[in-house]
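Chain naming follows the written order as A, B and C, and within any one chain the residues start at number 1.
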Amino acid sequence: MPTTIIETSGLTKNYGDICALKPIDLLVPEGEWLSVMGHSGSGKSTLMNLVGGLDRPTSGALRVGGEDLLALSEDGLARFRREFVGIIFQQHHLVPYLTAVENVMLAQYFHSVPDEAEARSALERVGLGHRLKNRPGELSGGEQQRVCIARAIINSPKLLLGDEPTGNLDHKSTVMVMELLKELRAEERFTVIMVTHNQEVASWGDRTIHLDDGVLVREERMSA
Amino acid sequence: MMRLLRASAAVVSSRAVTPLVIGFFFLLYIGIAFFTDETLISLMAFTRRSVVLAALLALIPLNYACRIVRGAVKQRAVHRIFAGKSADYRSELFDETVELCVTPSFRTLEMRLISEGYKTRRSEATLAAWRGIGIFPARMLYLAATFCLFAGILVSITTRTSHRQMVIEGEPLPMADGSGGRVERIILANATGAILSRTLTMEVAPSNAGHGKRIFGLYPPSLYGGAFVYPRYLGLALLLHFYAPDMPAGYEKRCILNCYPPGKEASEVIPGSPYRIVFSIPEPAAGSDRYLSYMAENRVLRFKLLKGNDVLFTGSAPGGGEFAQDGYRLAFPEIRRLVVTDYIGDYGVLFIWAAALFFAAAVFIWLPIRAFWPRREMLFMSAGDVTRACSRAEGGARRHAGVFHEALDLVAAGQKQPEEADKTLSL
Amino acid sequence: MVAVKFIPQILAWIGIVLVLLRGFPGRRSLVTAASIAGFTLGVAGTVILFRSFSGTTPFGVIKSALGVNFLVLWGFAVTVLYRSSGQGMTNWWEKFFGSSLCAGGGALLAGVMAGAVSACRFPGADATAVALLLLVLVAGVLALEALAVENMLPASLTVTPAGLLSIVVSLLLLSASSLLRLDLFSPLSMKVMKGIHDFVHQFMESILVPDHLFVRSVVWKYIGFLFGKEVGFWGGIIIWFTPALLITLAVGSQRLPSVAHIRQGAQRRKLLSDALRSRRLQMVMPLCSLAVFAAAAYQSSFPSVEYWDPKPVAVTANQSGEIFIPKQGEIDLLDGKLHKYLFKQGGREVRFFVLQNPAGQLTVDLDACAICKPDGYGQAEGSVICYYCKTLIPLETVGKPGGCNPVPVHFTEKADGVAIDSVTLINSWDTTVKVTARGKEGGK
C-alpha cells in the first residue's frame, strides 16, 4: 500500500478579495503522476505553488512528505523546497550566460555543493551528453526543457512539479519530454504533479483532477 | 623483538618527532634567554658539549631518513597495486575505499573514465585509471633536503672548528703543519654580478706537501687541507722600522694591520718603550672606491706617533718610503696585502648547501605539478561478486572524488550505456 | 574613570565565559561556576602575591603564567595541524575535551588567569577589600549575563577545542596588554629582534657568507633589514598570529567524511555540504582570535599610558668642564621624577637625565642604552620605558648598567646638587651611540 505523500484538508488560498482556491481535500499517494487540468484562472498553478511550498495557504491543512508546511518557518520552507521539490517551468528560467552543465550545477550549488561529474551524468541521462558546453540560446526548445528536467531532478527530489512544461513545445518535443519524464519517474520513483491545459499531456498521468474557479470538480483515473 | 623493532621504527619515523624536538630546543632557548643575552650562542655551546642534546638533535635527520625509506616503500606499494602486480591494498594508502556487491562491466567504465581525461589500464578483474604527474620525486627531494639541512646543522654544531690566520701576499699559506703553498697574489677587484660588488682572489702556488696550484675565491669558499678557506677582512702586513732619539738602535717589526675600511685605526705598541703608533688608511677622494688603495700596488699609510697619551706628530708614508721628524724616523720598507682568513673545519656546510639545492629543486618540480597536473588515481578490483574500489588524489581532490563517485554509481547501476540513451532521446 | 580602565578586562572576561559555555555545551552550570570560582581564586592569589612580594615579582609571576599559556597554545596549534593532515589518528584526546574534568578544569584555569590579570589593576596598596569584592561581584554578574547571551547565539556556531583555547588565550593577552607590566607583545618583539639578529648572524657565519664589504650595498640594505628594529616587530607579529593561523588552517584542512558508500548523488553532496558548513563555522572562533590578537598587539604598540617625558633642559659646563645641576630650584631633583637635560659642546649633543630612585638615591644616566638606538626613555608606573624596544625598567634598577638599562654616568653628589664631568659625559655618549649605531647598521 503506497504511503500518501500529499495530504490537503480544506486548503484555501485568497489573494486579497480574490479566492483563488476554495477548500480542497486532496490525497496523492507516493509515486503517482497527477495531472491538474483547468482553464486559465482555475487555481491549478495556485494549488501547485502551495503543494511545492512556493506560497502559503490562507487556511486549511497541508502535509507534504510528512511535513506540515504551515508549521514551517521561511527557512524551513526554503529547506523543504531545496531538498524535496523539483520544478519545471514553462518558461525554462535557465541562466542564459551559463552552459547547460553549469545551469544544472547551479541547482546543485543551492542545494549543497556543485559536482560537475554528477551534472554531466544527469545531462547524459536526458540525452544531452553532447550538448554540455552549449548555452541555452544554442539549444532547441526541447533541449532546453530537457536541461530543465535535469536541473529539476539533480537533487533527487521526492516531488516533481511541472507547470505547463510543454506549453512552448511542438508535438514531437512534447512527446519526447513526456517519455523522458515517464522513464525518469520509473527509475527515480518521484511523485509528479503536472499542471496542464492540454488533454493529451494530462493523459500521460495516472490520475487527472479538474479545477474550476478554485474548486475540484472532477477526478478521473487514466487507463494504463 | 620484531614487534619492538617495528614499534621503534614507527616512533622514529613519526611525523611528530621533528616538531617535538624543535619544540624542546625552543623551550630550552626560552629558558636560557632568562639568564643571558647571548642565547643562541649559549644554546649552540650546550648542544656541542652535551651528548644528550646532540643525540636529541640527531633524531631529526634520523626521522627524515626513516621517512624517506617509508615514503619509498609506500610509493612502491601503490605503484605495484596500480600495475596489477599486487592485490595487497591497504586502506591507509588511499583517500577512499569502498566495496560494492556487483560484477561490473569494466569496459563501459573504462570508456567513461577515458572521456573524463583519465588514462586507463584494464585487465580481466581490474581497472586502473589515473591522470596527472605524481609529486613523489619532489617529495623525496624535500625530505632529502630537510635531512641534509638538519644533518648539516648537527655536524656543524658538534664538529665545527675555526682558526683565524693572516694570509699575507708572498708568505706561505698558514697551515697547522706548515704545508701551505706560497701566496703568490691577492687580488681585490670590482665585480659586475648582482650580489657581490667585489671579488677577492688568492692565488697559491703548489706546495711541497703535494697541494697543487690553487686559486681561492669568495663564494663558495674552497677546501684546503680539509678546511674551508673563508676570507673575512682586509688588512696590510707592514714591515716597520722605527727610530727614536731615545732608541737610536731602532726597532723592527712585522705588523699586522686590520685597517680597512679607510678610517679604521690599528695601533702597534713598541715594546719596552712609551711609544705607540696608530696606523690608518687615508680616506680616498670623494666618489672613488674606498678600497682603491688595497687594489692598487702603491699604498700610503697614515700614522700617529704617541708617547704615552700625547700625540707627538702625525704623518704618512708610502710603501718603501719613510718619514722623519724631530729625530724620529719611521720607515715602511714593505707593505703587503693581507687577508684575515678563517679556516673552517665544518663538513656540515656541504650538507646545508646540498639542502638548499634540493629545496630549490623540490619547489621547482612541485609547484607546476601541483598547480596544473596533480596526480589522481582510482582502482577497481573485481573478485567474485564483490568489487573493491579505491581512490587517491594529490590535488584536485574534490573534482576527482566527484568522478570517482559517479564511476561507482555506474558500477552499481550495471550495464547502463550513456551513448544508447543519447540515441533514443536526441531529436 | 576607574571603571573605564577595566573595560579591556571586562570585555575579555565576558568573551572568555561566552566561548567556554559554547565550547562545553551541556556543562553550562559547571563551566559558569568553575569560571567564577577561578576568577575569585585568581584575584585572591594576586592579592597574596602583592602582599608577599614587592617590586615587580608579582607581575613577573603572572606574566610568566600568561607566557606559559601562549606557549601551550603554540604547542596545541602545531599538534592539531599535524593531526588534521594525518590519517587514522585516534581521538582519545577529543573524548578528554568533552569530559567534565576538562570543562571544569579549563574554566577554572581561565578564571584564575582572568582574575589575576584584572586584580593587577590594583597593584599593592591600592587593593582595598571593598574594591576587590566589587571586582569579584561584577565578574560573577557578567558571567551570569554571558550565560543568557550564549543562549542567543546560533546553535550551528560550534567551536573546536583548539579554537576555544585560541580565543581564550587571545582574550587573556588582550586583557593583559592594557597593563604595561603584563604586556607580552613588546618584550616578545624585543626578544625576537635579538633572536633574529643572532640567528641571521650565526647562519651567515655557518654557511660562510662573505663579509659585507664584498656585498653590493643594495643587497646589504635588504640583509640590513634583518638587523633592524622592524624585524623584531614583524617577527613578533608572526609569532603572535601563527598559532591562531595554524588552528584555522587545521580546521580548514580537516578531512571531509567519505561518501563513496552512498549511491545517491544528492545525499552525498548534502553530507559534504553539511561537513563544509560545519568546518566553516568552526573557523569563526580562530579567526575571531586573530582579530583579538591584533587588538592586543595594537594596544601594546600604542598604549593609552601617558609617559612622563619632560623636554630636556639645556645645561652648560663651567671653565673646568664641570656641569652642575642644583637639587632644588626651578627643578626639584628629589621628587622621584625623571629630569632630562641636554648638553652641547663642539657640535656634539648629549642627552641625559637625573632621577631619584625609590631608595632615595640620585642617579645620572644617559638618555640611551647600550643595546638600542638612542630613542630615549619615559617614565610611567614605577618604571622607565625604553621608547625603542618598549622594555620596562623598574626604577629600582635605574643606575645599574646592563641590558636595556640607561647607561649610568659617573657623577659627584654634593650637598646642593650633582656635578658631572663634561668630557666623561661626551665620551660616554659617543661610545654608546656609536656602538648601537654600528650594531644596528653594520650587521656582521
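Keep this in mind: a residue touches a chain if its C-beta (ideal position, glycine included) is under 8 Å from a C-beta of that chain, and two chains touch if they have at least 3 such contacts.
Since we're looking at a predicted model, the values are computed, not measured.
Enquirer: Tell me the shape of the graph of touching chains, choosing from line, ring, star, complete and other.
Expert: Per interface graph, the chains form a complete graph.
Enquirer: Taking each chain's centre as the mean of its C-alpha atoms, give the chain farthest from chain C.
Expert: If we average the C-alpha coordinates per chain, A ends up farthest from chain C.
Enquirer: Return the chain label for which the distance between chain Cα mean and whole-protein Cα mean is smallest.
Expert: Taking the mean of C-alpha atoms per chain, the most central one is C.
Enquirer: At what distance in angstrom does the C-alpha mean of chain C lie from that of chain A?
Expert: Inter-chain centre distance comes to 63 Å.
Enquirer: What is the distance in Å between the mean C-alpha positions of chain B and chain C?
Expert: 34
Enquirer: So, what's the distance in Å between the C-alpha centres of chain B and chain A?
Expert: Using C-alpha averages as centres, the distance is 67 Å.
Enquirer: Provide the list of chain C residues touching at least two other chains, using ranges where the numbers run on.
Expert: Answer for chain C, listing residues that touch two or more other chains: 265, 268.
Enquirer: Can you list every residue of chain A that touches 2 or more other chains, as numbers and ranges?
Expert: Residues 115, 118, 121 of chain A touch two or more partner chains.
Enquirer: Where in chain B do residues touch at least two different other chains?
Expert: Residue numbers touching two or more other chains: 405-406, 409.
Enquirer: In their shared complex, at which residues does chain A touch chain C?
Expert: By the definition above, chain A touches chain C via 83, 108, 111-113, 115, 118, 121, 154-156.
Enquirer: Looking at the complex, which residues from chain B come into contact with chain A?
Expert: Going by the criterion above, the answer is residues 116, 399, 402-403, 405-406, 409, 418-419, 421-422, 424-427.
Enquirer: For chain C, which residues are in contact with chain B within the complex?
Expert: Residue list for chain C touching chain B: 71, 75, 78-79, 82, 86-88, 191, 194-195, 198-199, 202, 206-211, 213-217, 219, 258-261, 263, 265, 268, 403.
Enquirer: Could you pull out which chain B residues touch chain C in their complex?
Expert: 15-16, 19, 23, 27, 29-30, 33, 37-41, 44, 92, 95-98, 156, 160, 194-200, 218-221, 228, 230-234, 260-261, 291, 344, 346, 348-349, 352-353, 389, 391, 401, 404-406, 408-409, 412
Enquirer: In the complex of these two chains, what residues of chain A are touching chain B?
Expert: Residues 115-118, 120-121, 124-130, 140, 142-143, 146, 172-173, 176, 180 of chain A touch chain B in their complex.
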